[in-house]
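Okay, structure first, notes after.
For reference, chains read A, B and C in written order, and residue numbers begin at 1 within each chain.
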Amino acid sequence: MFRNKKRQQQASKNKDPKTIGDVLDHLGKSRDFVHFQHGNTHFSCWISYFRTLIDIDYVHRDVFPFLYSDSIRNMADIKDQLPLEKLIQTKDIHEIQSKLLEGYIIIQKDERSPECLIVPSVKIQGRQIEKSEVETSIIGPKETFVESIDTNINLIRKRIPVPQLTLKEIRVGKLSRTQVGIIYIDGIASEENVNTVLQRIQSLEVASLIDATMLALMITDNNWTIFPQFTDTERPDRVSGAVYEGKIAVLVDGSPNALILPSTIVEFFAAFDDYFLPWNISSAYRLLRLFAVALSALSSSLYVALLTYHYQLLPKDLLGSLISSRSSVPFDPVMEVLILEVMIELLREAGARLPTKVGQTIGIVGGIVIGTATVQAGLSSNILLIIIAMSALAAFITPNYRMATTIRFIRFPFIISAQMFGLLGIGMCFTYFVTHLIRLTSLGRPYIEPIFPFRASDLKDAFIRLPFQLQNSRPMFLRPGDPARMNTTRTSQEKGKKSPDIDE
Amino acid sequence: MALNKINETHQLGPMSSFFLIQVTQIGIGFFSFQQPLSRFSAQDAWVACLIGGLSSLGVMWLILRLLENEHKYGRADLFSIHTRIFGKWIGGVLNLATIIFFMLYAAIYLRSYIEILQVWIFPQLSILVFTALFCLLIAYIVLGGMRTIGGIFLLSFVYMIPLYAETVFAVPGAHFSNLLPLFDHGPKSLLLSVFYSIHIYLGSEMILFYYPFIKHPEQAKKWCYFALLDTLFIYLMIMILGTAYFSQGEMKLTIWPTVTFWKSITFPLFEHVDMINIVYMIWILLPSMALSAWIVSRGIKLTFPVIRQKYALIFVLAVFIVVAEIVYNGELVATANALFSKLGFCFNYIYIPLLLLCQWIVKKVKGEPA
Amino acid sequence: MRIKILLLCLFLLLLTGCLPSNIIDDILMVEAEGYDYLGKGQIMGTATMPNYVESGNPGSQGAGLPSTAAMMRYISGVTYDGKSLVDKFQPEGQRQLKIGKIRVMLFDDKLARHGLSKQLDFRNRDPDTPRDLTLAVVEGSTREMLTAADYQTQIPVSRYIQDLIQQNSQQNYPDSDLAQILYSYYGEYMDAFMPIIQKQGDHLALVGVAAFKKDKYVMKIDGDDVFVFKMLFQPFDQGVYDYEFARGKHIALRNVHTSASFKVRNGNSSSPDIYARVKISAQVRQAFPGSISKKNADHITKLLNRHLEWEARQLVHRFQTYRVDPLGLGNTVRSFTYRFDGHSWPDRYPHARFHCRVNVNIVQTGISQ
């Protein structure tokens, strides 16, 4: 432990550059660092940049011609005449270094002069905005976030054209200095929530930050839980919907995901498509999803419990087919279930890792060939195969991938406790998870909110989605600055109109 | 004192007093109360059930009076009432007696549930293993504080609704003429039944301990009474259904009438609903146990301020395990249950009015300011 | 560290906490039990359990025949009356015998006349017994009924019997599952009854209802009278009643709905009056040609009313002479009488006066006149 600490101290001592010369020497070790003196008759200066980071075309076309022109006599002239809006003149070594590493150009009078002019010339290299692939939807917008934070902010801003939309920026990561943007509507989002988010992100002590989901894990309320506490999404429409509600969105540079905070558990089971369908249909689908989750988490453990301990519960007419399909299986139900579950997990993992084309083949090979062969070889029963396949399918009905993996994982404790105590074990395991969920918080707000603490007004958009005209208030869960979504007096006036009689 | 003011983040909304009271009242008696009630007043047992339930409203009125009077002296719970009225030493002894009473009460409650599990589902279930696992669950809940306990209560209430609703399926097998002739029993046999019905309504007195944790207690009052009426309604329904479903001779022989009539409900996907329901009833047991553990551990902390509630909790759970082990057969469970239902009766119907009287006397003696 | 110790304790606890399992293919589920009385407290018990065929290659049958065809397995043996057959036969079973899915319990008429108190008490005590268990009295040997291999159907005999009884109790036969039998057996002022079945060659048939006095079978209600019995016993809607209004001329009614209501006067007197009012809505199922039309429907209904009233009085009279009360008339009297005198009821029951009014309402006469 001591040695470790000492090593850390030494490392940090070595790092700190003292002068601009140190910085340039240090960076000069990289082959893509360009550092040269430019000089003509009236004026000479030192220019340095990373050629892999800057937009070479832009620099050659728009920056250097100005520098080389005759009108430039000294540093101040550059600042006045360069047609760029954000020129910084600074002596701060740290800033200079970080700007260099972000793709800025540094212009100095002399090689060792501490006074630097920083010219932006960042090359934005990334993919185009593409159709959503993770959270697909059939109707509704198809744009997704990309890896560039500016594009992402643009995608959100054009959906929320209000001056109150506030963007706060924080740099996270001692080494990576990743740009993190916090977006909310001032006046709607609860100030307390905003402060909590800011405070949590600012107090992070990490070396690097690569992705938004990583950030979500770092600022979570409880490190031990398997439940995701913040929604992550790749859809700008979903983010703007949430921001309008009074939530806070967090974007991370280099990540095609946005975080929505705080979240409740029911939001993970709501697809954004739900808002594009009539309320009764989308409510039915939400209930279907809820049923799918229950099925997915419990079906295999119920199979174990019923077949191992509670034969009395099985319907008389089902007994025949159950017993005869199990009669050639040499294992206990629990082994049988575990074999198949692990097999499905392998298939899923292989499907996720393999290239798309091969992945499909593997899916077919695994699903059909292995499934049938397992039953024929007498390793599992027909009925179990159906149950396991159904529950695997049901797990991925969950719109959020992180929640889907949680649901897939959650069944293993259930299976084991079903083997220990039958139905009683399932009951106790269920109790454990429910208690866990009650104790969880998201950004200090209760995680299973519309259920506990019980808020009837928030139930309008939880398990079922009521029509939009009934959803006239923002979720109480968020403690929004402005709870009313619309002018309630006007809506109530409209409601007050007498309903016409037949044929009137 | 820092304890006097409960931080608002640990408090529960006024409506939660509804769930807390309703769920604590429905207990293990739910399985078996029809039998002792109809022993004395046969088909009129539901009248006794009704009277018992209405009397619980009266007790609730007394309890709320007691707590409201105490409210202006600081923290309003039974422990501080004891120490304020009777002084540090006698009050401490009374507190200790209360703690022991609730501790044993909860332990016996747990043991009764295990008894049912052993009879109906797993005759070989090890008491030690089950209680230990169950106590771990309780510890997990109680460590979350009063908020988590409140959540468990709310969910328990929600989860129990299908269970009550499901009893509708027993209606086709019911013979409602069994309820006739109405009011055929004299006051004496009816009162005996009322006495036996009291124990199913016990549990509402726990508000004496968590009252300071309820926000806006004046708003919570009506919820308290609603909760009592709801319990009354549920028990009344089950009582009437039980009377209609069983003939009196059959009722005399049936130890757990509720479970037996669940037995005749079948669904296409599963038979033997009784077994599922017994496991399901873990959600009736869990909140009351968690609340009792919280009350007792908090009581220990308040009586002996040296001990932190966390460590008191471990002690309490250990006592649960030991008591459940000591009560080794069904006979003892029945005896203990009978004893505790009498003690509970004394606590609610004798001790609380006395306490209210003492509070009044102290107020008179000390004299009111102005 | 503390967590590690806790986990260790938990692990040890779980190791000791394993429960004995009943994996469904490692147990033998008794589906039917039969009891034949041999005299002197001895019975011949028979238990059947399905032995699901283990096919060699289950997967290959996925597309073909389902492999659920069950072979039955029988065990019989002599033991004392009241012995649990599962315990008795366990030494003959290669797997655990379990009672939880039992469908049928059969008693031969000798045992039924001897008394069933031990069996009923046992079934009421056992938490595993399902409440929809079917009980029946067999004319002939239960062993023969359960072990015979010459039935026309291929389904297991336990299912055959249960289906037969359950199907018919939706029609002419009254409900008689375990719940109903225990209700009236333990209840005061009423007696239990069970259907009687008989093996007739290569099939089974319901031949009547056995009325019990306490636990003893004392009186048989014939198949023809079952409609009248059910009409007084419970509301129902699927029965068929065949009425011979003149020699060789029949008319058959299918009832759409039947309900009976009772009234009692002088419940505590030595001869209470019981008034039954039965309403039958019915449709004509078959009729002697020309016997019924819109015009003379009234005439036929009047005849029918009087006939059914007479039949009902006859039936109750027979119950009174045998001093059995499967209709629960005593319970009806109790429910109408304040301070009901239960002690003297068994003596007063035979003197009770039973009055019956039947009102048949023919709602349809079919699609032809």
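Operating definition for what follows: contacts are C-beta pairs under 8 Å (C-beta built on N, C-alpha and C of every residue); 3 or more make two chains touch, one makes a residue touch a chain.
Keep in mind that this is a model prediction, so the values were computed, not measured.
Shown here, the protein chains touch in all possible pairs. Taking the mean of all protein Cα atoms as the centre, the chain whose own Cα mean lies nearest is B. Separating the CA-averaged centres of chain A and chain C is a span of 63 Å.
Rounded to whole angstrom units, the spacing between the C-alpha centres of chain A and chain B is 45.
Here the CA centre of chain B is 41 Å from the CA centre of chain C. Looking at chain B, residues 122, 125, 130, 133, 271-272 sit in touch with two or more other chains.
Residue positions 309-310, 312, 314, 316, 421-422 of chain A are each in touch with at least two other chains. Residue positions of chain C with contacts to 2 or more other chains are 14, 17, 19, 100, 130. Within the complex formed with chain A, the chain C residues making contact are 14, 17-19, 21-25, 27, 29, 50, 52-55, 57-60, 62, 66-68, 70, 98, 100-101, 103, 128, 130. Listed in rising order, the residues of chain C touching chain B in the complex are 9-10, 13-14, 16-17, 19-20, 100, 124, 127, 130-132, 179-180, 182-184, 186-188, 190, 331-332, 334-340. Residue ranges of chain B in contact with chain C, taken from their complex: 119-120, 122, 124-126, 128-130, 132-133, 136, 173, 175, 177-181, 184, 246-250, 252-253, 260, 263-264, 266, 271-272, 274. Within the complex, the chain A residues that touch chain C are 307-312, 314, 316, 319-329, 332-333, 372-373, 375-378, 381-382, 420-422.
By the touch rule above, chain B contacts chain A in their complex via residues 12-13, 15-16, 117, 121-122, 125, 130, 133-134, 137, 140-141, 144, 147-148, 150-152, 154-155, 158, 268-272, 275-276, 279-280, 282-283, 286.
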